[in-house]
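Data block below; observations after.
In this document, chain identifiers A, B, C, D, E, F, G and H correspond to the written order of the chains, with residue numbering beginning at 1 in each.
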Amino acid sequence: MELTVYLAGQIHDSWRDDVKEKASQKDLPLHFVGPQEQHDRSDSVGEDILGEQPNPVYRDDAASSINNLRTQVLMQKSDVVIALFGDKYKQWNTAMDASTALTMGKPVILVRPESLHHPLKELSNKANVTVETIDQALDVISYIFE
Amino acid sequence: MELTVYLAGQIHDSWRDDVKEKASQKDLPLHFVGPQEQHDRSDSVGEDILGEQPNPVYRDDAASSINNLRTQVLMQKSDVVIALFGDKYKQWNTAMDASTALTMGKPVILVRPESLHHPLKELSNKANVTVETIDQALDVISYIFE
Amino acid sequence: MELTVYLAGQIHDSWRDDVKEKASQKDLPLHFVGPQEQHDRSDSVGEDILGEQPNPVYRDDAASSINNLRTQVLMQKSDVVIALFGDKYKQWNTAMDASTALTMGKPVILVRPESLHHPLKELSNKANVTVETIDQALDVISYIFE
Amino acid sequence: MELTVYLAGQIHDSWRDDVKEKASQKDLPLHFVGPQEQHDRSDSVGEDILGEQPNPVYRDDAASSINNLRTQVLMQKSDVVIALFGDKYKQWNTAMDASTALTMGKPVILVRPESLHHPLKELSNKANVTVETIDQALDVISYIFE
Amino acid sequence: MELTVYLAGQIHDSWRDDVKEKASQKDLPLHFVGPQEQHDRSDSVGEDILGEQPNPVYRDDAASSINNLRTQVLMQKSDVVIALFGDKYKQWNTAMDASTALTMGKPVILVRPESLHHPLKELSNKANVTVETIDQALDVISYIFE
Amino acid sequence: MELTVYLAGQIHDSWRDDVKEKASQKDLPLHFVGPQEQHDRSDSVGEDILGEQPNPVYRDDAASSINNLRTQVLMQKSDVVIALFGDKYKQWNTAMDASTALTMGKPVILVRPESLHHPLKELSNKANVTVETIDQALDVISYIFE
Amino acid sequence: MELTVYLAGQIHDSWRDDVKEKASQKDLPLHFVGPQEQHDRSDSVGEDILGEQPNPVYRDDAASSINNLRTQVLMQKSDVVIALFGDKYKQWNTAMDASTALTMGKPVILVRPESLHHPLKELSNKANVTVETIDQALDVISYIFE
Amino acid sequence: MELTVYLAGQIHDSWRDDVKEKASQKDLPLHFVGPQEQHDRSDSVGEDILGEQPNPVYRDDAASSINNLRTQVLMQKSDVVIALFGDKYKQWNTAMDASTALTMGKPVILVRPESLHHPLKELSNKANVTVETIDQALDVISYIFE
């Protein structure tokens, strides 16, 4: 039994590579999916495909429509969602993706530093499990296979 | 036909009173619900009801379990959701509530200053309508009754 | 028992008044809802509320986001949908609304002149009942109360 | 990960072959499904299987019942829907299929010439992404695999 | 708290009047709905509204489309379904209505003489409660209010 | 693409073998499932597994609980349902299975002799397609693969 | 806004009267529903309505079919569920009702003495809020109206 | 066709090995999943992954959050659930898992000694089949493949 894991969270650094490498070291039968990780491409994909838009708001809207389609397809294929929060960026997409998954009945593991507990307390309470590190998130997923 | 409107967003100022007063001026047949607006009560309700918790994380978890129950009851009663974002606070609850509503099939009006468009672009694209002011949000709801 | 009926279809003439008057003559306990019937307002509502948009496509998109919110709220309140097709206009909205209703499990009465049967044949086959006149549509609804 | 794509739209020319060839050139792992593309067979299938019907309306109804069964089976198997509109034909089936898919939670890419934006504005607003060409539609799907 | 009860079953005699009278004697706060009870009207309603059809099969199909719309509207309004089987008639509609209700999550009370247990055994096992008389069915519903 | 087809209907003769043989002759990629076809086993399975029951009604109830579990598992795996009615037997299970499938959103092909149209008219109207022979049912399924 | 509250739990003492009286003292706009509270009647209702059964297992099965119908009707009407566990009785019905409510998306408040936390830990974690007393449960519901 | 079977029930002895061995002897194409069977690990997994918790209640809550995530993932993958009750332990998790499965539309086989029928009567009535031994449960599943 292989599980598909959606990795929700910011796309400004390579934390997903860390997840994938650690999962590989543990030999977990996981298939990872997630948002576009090239930040520039994620921002420009609307204009890349649809052509120049009249202003930055419409440039953003064009990009987000394509990012949302990608997320919808891949999240519907997922068995579990890991949603990572850090101390930088607004991360409203991460909250949106975690909440969408929970409302769809997909189990969610929330990863956040303890310092962020207060502003994330309602989302943390709704998530299945809240952890502080990627290692802990993979320990939780690993437990499914014990 | 009366509509029930859930007002998602920060609870640090009295923006909901502004919404209610303007709706009243327009004589709109609306019934408003939303989260606990007394910020201190919202933070302490867990310990107020369940007694002292061993540390701040558990104090928060106790409060959030009760806040989430309240939101679940009231959002299930709602016909439309207005979700307001401003330039202060993390507002991950607002993103969570808006996303829950959208996934449940509840129409959502997003209110945000244009300056926040970029970090909210995916949520804005999923919302039914994105506006910049409370007046515009009420204009949208008013349009349902025209 | 009162039923709420959504009247889907073109907004270029006053066919909905005809429906309402005939329902009133038959003393049927019906509450009618539907799209904005002022065509100009329906087209301009985006700019009326959100301000001028950069081009006609965005003007249209702004208006349609508000029209779609209205339809979503009112169709969720409805027990039955009457969808009327005539020989003028593209009427893609009518097909969209009828299909949305059917997929949501709302019963749909399709009204169309027989001359349109061929291009509407798949939608007609999915609709609960297909009739040719408004009188027949009301006869069908009247039958629920016999 | 292979995706199944339903190609909704008119069946009077071979645009689906164009989609398939371009997808093949891009080496995208896609499996395409869609309606019967032989227009005559699509119209006659009711009588072909069920025998002669008493008049053209019933001939159409017989055919559409079988076309609708086919669409229901194949759309339930699909991960994404591409719905193409052109400047010919009524295309109410295309609007019906796109709307069914959206209501079922299937992501939809709408392809239409800009000239059709106004009559399609509400459907375009509900679709995940609206583009003008098949190449753009495939660029959007290709982006899922980046 | 008033409950709406759908009375599924044959329409060849006045068993529904018996149900209503007994419910009235027990002062139960029930609102009863059900199919058209005038058998002739139920068979002719298609041609009554849509005009003469080319043959008996199409006459039947026209009538059943309108009967099904009625049932769909009223069953969606119901809290409980009573489905009565007797030793006459095919009663496939009764089996269809009971099964639709069960699949929609509506509680179903099956009323049948013990002599019919064998051919109804699978439906009886899926129903919430199986009884032999109308009095027993009303005793079950009465129990909800104790 | 292989499709799983549930064959609902009486189990007193070997009509399912006929379906399977004809599907095999047409080289259709179908996997068939259905109820227990050994009539005696279907009636005795309750007592075979659970031991002797106190009377025929309980004997039947025990058997039907196991038959219903089987049907639930296999119908949830199915893409299409063929429901065959003939002029013998009560066939309430067939009506129940067809109606369950339709309510779950599974496409249904109804097979019945024209002589049975009147008592089956409401179920026929809800089914996707109504045919008279097994060959026609397989022609409909075959059409999905054209 | 009035809320309907289902009171799940043992029926061997009058704890529900305590809940109702305290809610009344707080002037909360609540309507309470729940299982049959007369224990003897709850056990005998099957034979009371359906007549003598062949053995205690079938006596129990007859009663439970009617108790389950009652619970299904009333829980579908509820906005919130309070599920109370004590240190006596098996209370598998309470666990069943709480779990049914949670899976249906109904908010659940679990009331249990701290001594029972270990065996209830998974259910407690799934419940929205876990408290130790009826007063606390009503405090949680009261908070919805603040 | 392989089926996935979730084995709900206590984790204090090796009854699942018995199920698996007997299924293997019968050559049934089954894939078994279930909760963590190492009781100590099941109790300590919260602290094993998340670190020491402030008291036993929080230790339990941490463990149960991870156990619940495991169950949610695996039950969503299952086609059938076997829920075993014995005369030891509270077994509220077993009641919770069986009820969750039933509400999700998963068929459930309840295994319990006859001595437990009375306290399990409502759950037994909701389950698809109730048996007394593991052999009988496998006979029921084996019947699906006959």
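By our rule, a contact is a pair of C-beta atoms (placed from the backbone, for glycine too) under 8 Å apart; a residue touches a chain by one contact, two chains touch by 3 or more.
Note that the structure is predicted; figures quoted are calculated from it, not measured.
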item	value
Number of steps on the shortest touching-chain route linking chain A and chain H	1
Selected pair, out of A-D, A-B or C-D, that shares over half of its residue contact pairs with A-H	A-D
Chain separated most widely from chain F, comparing mean CA positions	B
Chain whose mean Cα position lies farthest from chain A	E
Rounded Å distance between chain E and chain H, as computed from the means of their C-alpha atoms	38
Cα-centroid distance, chain E relative to chain G, in whole angstrom	31
Interface hub residues of chain G, defined as touching at least two other chains	65, 68
Chain E-touching residues of chain C, taken from the complex the two chains share	1, 3, 79-80, 105, 107, 109, 128-131, 136, 139-140, 143-144, 146
Interfacial residue positions of chain B with respect to chain A in the complex	56-57, 60-61, 63-65, 67-68, 71, 85, 89-93, 95-100, 102-104, 114, 117-126
List of chain C residues in touch with chain A within their complex	54-55, 58
Chain B residues touching chain G - in the complex, by the definition given at the top	31, 33, 36, 38, 41, 45, 48-50, 65-66, 68-70, 72-74, 76-77
